[in-house]
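Just so it is clear, A, B, C, D and E label the chains in written order, and each chain counts residues from 1 on its own.
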Amino acid sequence: MKKIEKKPEHRNHYIERFTKSWAIFIKNPMGKTGLIILSAFMLMAIASFFVPLLGPVYHPMTGADPNITYSTGPSLQHWLGTDFIGRDLFVQLLEGAKVAFIVGLSCAFISVVLGTAIGMISGYAGGIVDTILMRIADIFMVLPSLVILLILASLWELSIWVIIFIIAIMRWPSVSRIIRSQTLSLKSRPFIEASRVAGASNFRIIFKHIMPNVLPLAFLYMTFRVTSAILVEAALSFLGFGDPGQVSWGMMLQWVWSSGHMFQAPYWLLPPGICISLLTLSFYMLGRAMDEVLDPRLRKEEEEE
Amino acid sequence: MKTKKIIFNKLIEITILFFIILTVLFFLFRAAPGDPVSRMVDPTLTPEDIQLLIAQMGLDEPAWKQYIIYIKNFFSGNLGHSFHYGEPVSNIILDRMPCTILLFTTSTLLAAFAGVFLGKIAAWKKGSAIDNVLSIGALLCHTLFIPWFALLVLWAFAYKLGWFPLGGIISPELWINDTSFFIKMLDVLHHMFLPLLTLFFIHLGSYLLLMRSSMLGVLKEEYIITARAKGLSDKVIRNKHAARNAALPVITSVGLSLAFSINGGALTEQIFTWPGIGRELIFAVSNNDYPLAQACFLLITAVVLIANLIVDLLYAYMDPRISY
Amino acid sequence: CQKKEEEALLKIGLPEEPKSFNVWLASDSNSRKILSQIYQPLYTRDPKTLKIIPWLAQKDPVFNKEELSYTIKLRPAKWSDGTDFTSDDVVFTRKLFLDFQIPGYASKWKVIKKLDVIDEHTLIFYLKEPSAIFLSRVLTTPIVSKKEWEQIAANAKKTEKPLRTLQNHVIEKPLGTGPFMLAEYKKGAYVYMKKNPYFFGTGKKIGDYILGPYVDSILFKIYGTSDVAILALKKGDIDMFWWEIQPGYIKDLEAQPDIEVFLNEKNALYFLGFNLRKPPFDDKMLRQAIATLINKEFILTRILQNYGSPMHSIIPSGNTFWYNPDVRRYDVGQKDEDRFKTAHEMLKKAGYTWDKEPVISDNGIVEGQGIRLPDGKPMDNFVILTPPADYDPKRAFAGMMIQEWLRKIGMPAFARPMSFNSLLDRVKGKHDFDAFILGYGKLNLDPDYLRTFFDSKNDKPRGWNMSGYNNPDFDKIAKKQLSIIDEEERKKLIWEMQEILMEDIPYIPLYNPHILEAVSKKRFEGWVEEVDGIGNIWSLCMVKKNNGYSNNMDKGK
Amino acid sequence: MTEEQNIQTPIIELNGVTKEYSSKKNFLSKGETNIIALNNISLAIQKKEIFGLVGQSGSGKTTIGRLLVKLEEPTKGIIKLNGKPTNKLKGKALKHYRSKVQMIFQDPYQSLNPHLSIAETIIEPLVVNKIGNALTRRDKVLETLEIAGLSPGEDFFHRYPHQLSGGQRQRVAVARAIILDPDFIVADEPTSMLDATIAIQLFQLLLDIRKKFKMTFLFITHNLAAARYLCDRIAVIHNGVIVETGSADKVIKDPQHPYTKKLILAQPGFNFKN
Amino acid sequence: MALLKVENLSVGYKSKKGMVNAVNNISFSIEQGRSLGFVGESGCGKTTIGMTLMGLLPENASILKGDIIFNGNNLASFNDEKWRAFRGKEISMIFQAAMNALNPVIRVDEQIAEVIQIHNPAMSKSDVSNQVKKIFSLVEIPEDRLRDFPHQYSGGMKQRAIIAMALACAPKLIIADEPTTALDVIVQDQILKEIKKIQKALNTSVIFISHDIAVVADVCKDICVMYGGHIVEKGTREEVFKSPRHPYTKTLLGSYLTLDSYEDINVPEIREAPDLITMTGGCRFSANCNCKSQKCQCQTPEWVNLSSTHQALCFEELLNKDKND
């Protein structure tokens, strides 16, 4: 009886909430579809680690088939065919899935963490801090991000991580605006004031009281950010500002485009484009479904239906 | 009186923002490696030649000095000459601007109207087949990879079916023979159709989804129930009471998406050979044509800032609760 | 409208808009394509023999060895506004070059000590020193009209930045002597050129051709991407796409009945260059070993899809007169394993060691690890810079493959494609690099560039000796060949230079791609092929309407 | 409710307290409109009494409460706790002050963090004031829960706010307020969102607590009947000014100020009892 | 004949956990010009009744059984079209959350003119605006505030505007669902007076819903006390409040504080809210009733007539036993 069981109980709460939300989520056809597509891509990404082990021919970047000297269509050995130097397109597609995940998730993570932190600080601190942070956010919002990316991309050597970083840097302001407004509305909630009256420090209030309340929203935004990060990376690669040493779907499209196979090799053109759309779609669907889980108004209706 | 003051304050704020952006950009460009000359791989150019060219472009001065000169010129209305065109940057911009505006405002507005209209219907019939079709369609639009889509559109409608020209803004064949203004206008519209269609679909998705969710929120408001209690018809409730409120966030998004359209626009312009600002900007950035790139950039920034201001005002007009 | 159709209107697709019609500014290829139809030089090259032949000049120059002078007689030509083309224009052009120090021209024209006008159509050029390239490089520069430029130049000179002012002067209707003149330019949409009624060559036989132009006008249309331009070509919207096309299109285009594909040699050089200023590439043996490791055959068949020829010297083999076929070759006919073995031995001999030596067995090659320089220090990671794939996929892929080959023997190589600006800034401007892949798509036929690229005098920031190659013997020969006017004699020196270079191997020449171009056969025919393809002034002077073919086809559709 | 009157120093004293709000938006547009929420208020609350503050909406009741728990600083005037001025407290002193003065908020649905369990909510004051260790804290929480009428305490320990009814939530709020053994509690309309039957139970709880722990309450309400039921003394506030103070019975039976009269008249006359 | 007669009405909400029996087998009627009050604690189904009468139940709700006869029409059988013509004209409603019941982006006068227009399509513009002015003067909003937006109104004015909206077509019945809960006492007092005045002036019937017995007692002649979806006691206000018989009514009255005295306050036990999903049989108040008996939990109580107008839903013996105490 006298034992402290706070910790496990605490976790249980989250598990309970998670399972509850999960139940709502999985009932949502959109969430379900999204999840199925997403798992397929996850499998692809995982496969990308193993396929190159089959032989040097299956290395996405350097694995040129010695018997093939031009772009070929699907065959038994190369399921989707090869590009013009004889590299397996399917392997590239798998690698692309991995890269899309890395880019999408890490961009989203960085920008959401940054956006959430800044949004919370800005909203909670108010005053001059708020003004300055939000003006900075305004500046980032106003700049056309793709073009800024182009400039920055020429400033630094292009590696996938630099690109991730740049995209993330360009994408935090919208997150922080939303988190800020959420924080503003939380800030004047009695439970925050109650905690202040109890003597809690600003630090504690931000992390113990505000953060758990904005986290679901931040998480939701993360899925949307994943979508935009993947699209931006693809666009960058397509324009030739991607990491040239890294296979990605955008790169594949760039290659099919720049090597003049655009309308000659549908087996090369279509898969990456469709994958980009499908993967972003799945994340987007996930986000929409999550949105409904999170939005109490919608959720109420769901529960009672 | 008070409104005026607020607008004035906003304008000051915008101006400050504008100059901060100008400064950041200026130094960002100068920090980029290479210079406009380094790209010229003509072995007949001696290092002295290159040095001369750089000096003539005023790039041999330290960056801060260049900045002061730029600011000075800026205030006297001189944005400089493009390194590559040799023309005053303002000429180039004045040339490109109408094309971009024509295409993007039309497509954004059309998409916004269509998005509001369809989103309204989808929300009103939530869960129905129409809603599902619209939502999924919108999702697909939202996740389209633009260049890919644009090229496919071009291939299908311009090449395979031959209904539309393969890019460009006019048919030179028509224009070199003096044709009537009316035909020329039709010609421009004919050329505009495919890029318009592409941009329309790209934007449509997000507006539709936004309108739908916003409308769903509004439909739960008390005043909708009140309106029903009054005995108003569904149409009146939907269009007058719900849609108007629900469209407010879409307005904001239209303002913000102007920035986006320049992004997505660059690619679309490239593929449809549309002679707009976005294409010019990409060219200028990748060729280190600083004056041109800066001017395009500042123009976009100014447009976005002003658009946001207008959106704010419009918002205040549409939503009486916000008072300026 | 009907009547216009009768007119022979040639439609040419361009990948981008010409940026400027000011010859002193225009550096982009599209502007040059248009300007080269307008501004004409005194001499030009015959497309077949590649010999210098008179163009605006009436005949070959008369050389006076004692005075070091060239007497040149001009043709009775007219500018496109009907005024006469005279010696004054040549004198004015020279003055303009020197007054404004116009980059690329002034340095060449400096060799002229004095320029005397004998009469309206005769000039004598006195040189400071004998120059092998006077004909091929100096007299092939375009001449501009005094009438057009005199006032502009006078005004520009008064300004603070005269050259810039001159370059920024907006020229709307350039005045030239060429076969076409600019009729209309609609920004962002098209360039419309009309036949120049005063063109000096019309009806004349120059080289093997009786020049036209046989078309009445040319319409340049712009297509933002090659794909669209090729669709337009297939559809018949344009008659020619004036741009190199990627091998990927070829199969499809060859299958089209209306399309003709042209495949021509290029006078180009694509190479892997090293930074000889610092280890590890200051070691000749290492460079030679690398040259051995590179499988040019692979690059050619795969990356170039066989549209190209391997390069074994700095001068491309197509330039038959100057090309030395007997330079040292590193890789010829070797299988990968042999190549690997040879390189391994070369390195061992040069004192390189490995922590774990690479081995070649029946099962293939086991990668080496921890290669050490002869002084025992481990070899640092080095980067092979290449242009990005969108700029040139061939070079980017070649870099990638070279990285893999070098890694096999244990070298820590990293191919890193980077934006073209940054690449040039590092290689040419800052000399901050290890190795790089670059290329010249259009070398001059005169081999003087060997001197430009490897003369130790040019080893300075922004200089053309990017590798930092420094060989006094080479410098001496390079200087000497410049002043030898007898071609056979000069050839010996040029061959010697190539031998030295291929022994020291500061650049490893990789390949010389073919130029692939496509035209529509529907309406026009008679394209003139040259070493750099069909996109040249000869073609435009020679193409004619292809009556029988086009009419039937058009009506059939 | 007859508590012996204390003639000692009042526990809380407000001297000429004025509070203005300005609607300042950002650094460019300096706000012009100043709302005077409180105008020169002077009040003294004695130890162990329940002091009622009544007035209509927007009259400044909550503002006084917030000033007292230092969520706001007065524009002018002095607030004294046990005779000591408390303006502009910072750091430790502020913490100490807050451990003495606690608040129960109006809306039970909004005053609990939905992400914290009941135990975590109630334990928070102990944690931030570094009182006790994990074990003693737990005991204290259990004890307080029982006092607040949530028994057995273990039942509520691991529940979350959404699993409680409105009345139970308000009891949690009470528990959170009393766990630090404060001298003074501000209760800002704690029952206005609750049904009458639940409200009366809560009143009873407050009375019990007062009796047991000798705490002082400031009870804010717009319901005169509730004020009379609960309070020893009442102050009537109107537009930021205190218009009348006196013992609860006296103010209601024999109102002096016209506003008080108006307020009393406005209470829906329910004359069916007895 | 009664203006409105509701018989054995049950309304349920579908939910994940099962059917929420929000309103269970209730019957009442109201005559022209009379006022009927519903009182009960939060969640007892008061709003549900109002919404049912307006045909505005949310999608997941359904009328399980019962008849609603209004002026000879059975509302339960109405289709959408009929409801639209009916709402606002015959019955109108004043909503609980007045603050949000006005569309924030439409001017107040237009929102009122709208109702008149839709039900009187033939009316000219100027007639409509005259009518609007007339109604505004009835609820005492100054004419120069007509063209304001809702946010420019104070809470009391908004509530008046809502009342004006409900009155616009002179309906026969007005349902007022807690019209004063969000207002403060003084304003509440004014609004209640307003409602009484108007009811008298126009001779409309009013159904008044509130959880505050004093407010209901103030406005209404007849009272229904609700608990957990049941009407547990009904009668004239004197009968119900002076001599309450149902234990719940007693509890409610017992915990009501008045200005005059508080001697008879009895603090009820801590209670649980009835579970509207699982509770099917038995008295819903049984868990909290102090006259507990086994019977209460399993057997549905019946109406006990106490007078011609006064009835309670309980077991007769318990009522009587209680009386004997």
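Simple rule for what comes next: contacts are C-beta pairs under 8 Å (C-beta built on N, C-alpha and C of every residue); 3 or more make two chains touch, one makes a residue touch a chain.
For clarity, every value in this text was computed on a predicted model and none was experimentally measured.
*Asks:* Name, by label, each chain that touches both members of the pair chain A and chain C.
*Replies:* B
*Asks:* For this structure, I'd like the pair of chains sharing the most C-beta contacts.
*Replies:* B-C
*Asks:* Return the chain whose centre of C-alpha atoms lies at maximal distance from the corresponding centre of chain D.
*Replies:* Of all chains, C has its centre farthest from that of chain D.
*Asks:* How many angstrom lie between the centres of chain A and chain D, each centre taken as the mean Cα position?
*Replies:* The answer is 47 Å.
*Asks:* Centroid from C-alpha atoms only, then distance chain A to chain B, rounded to Å. What do you get?
*Replies:* 24
*Asks:* Rounded to a whole Å, what is the gap between the Cα centroids of chain B and chain D?
*Replies:* Centre separation, chain B to chain D: 55 Å.
*Asks:* For chain C and chain E, what's the span in angstrom between their mean Cα positions?
*Replies:* Each chain's C-alpha centroid was found; their separation is 91 Å.
*Asks:* Hey, what residues on chain B touch two or more of the other chains?
*Replies:* Counting only residues that touch two or more other chains, chain B contributes 32-34, 151, 155, 286.
*Asks:* Specify, in ascending order, the residues of chain D that touch 2 or more different other chains.
*Replies:* Where chain D is concerned, no single residue meets two or more other chains.
*Asks:* For chain C, give me the residues that contact two or more of the other chains.
*Replies:* Those would be 225, 227, 231, 419, 421-422.
*Asks:* Using the touch rule from the top, collect the residues of chain A that touch chain B in their complex.
*Replies:* 135, 138-139, 141-147, 150-152, 154-155, 227, 231, 234-235, 238-239, 253, 257, 262-263, 269, 273, 276-278, 280-281, 284-285, 288, 291, 297-298
*Asks:* Please give the residue numbers of chain E that touch chain D in the complex, ascending.
*Replies:* That would be residues 41-42, 155, 183-189, 192, 211-215, 217-218, 237-238, 241-242, 251-253, 255-262, 264-265, 267-268, 270-271, 273 of chain E.
*Asks:* Mind pulling up the chain A residues that touch chain C in the complex?
*Replies:* Within the complex, chain A contacts chain C at residues 61-62, 64, 69-71, 84-86, 153-154, 157-158, 239-241, 244-245, 251, 254-255, 257-265.
*Asks:* Report the residues of chain E in contact with chain B in the complex, numbered from low to high.
*Replies:* Where chain E meets chain B, its residues are 54, 56, 83-89, 92-93, 95, 97, 100-106, 114-115, 118-119, 149, 151-152, 162, 165.
*Asks:* Which stretch or stretches of chain A touch chain D in the complex?
*Replies:* So the residues of chain A touching chain D come out as 1-2, 4, 6, 9-10, 12-13, 128, 131, 189-201, 204, 208-209, 212-213.
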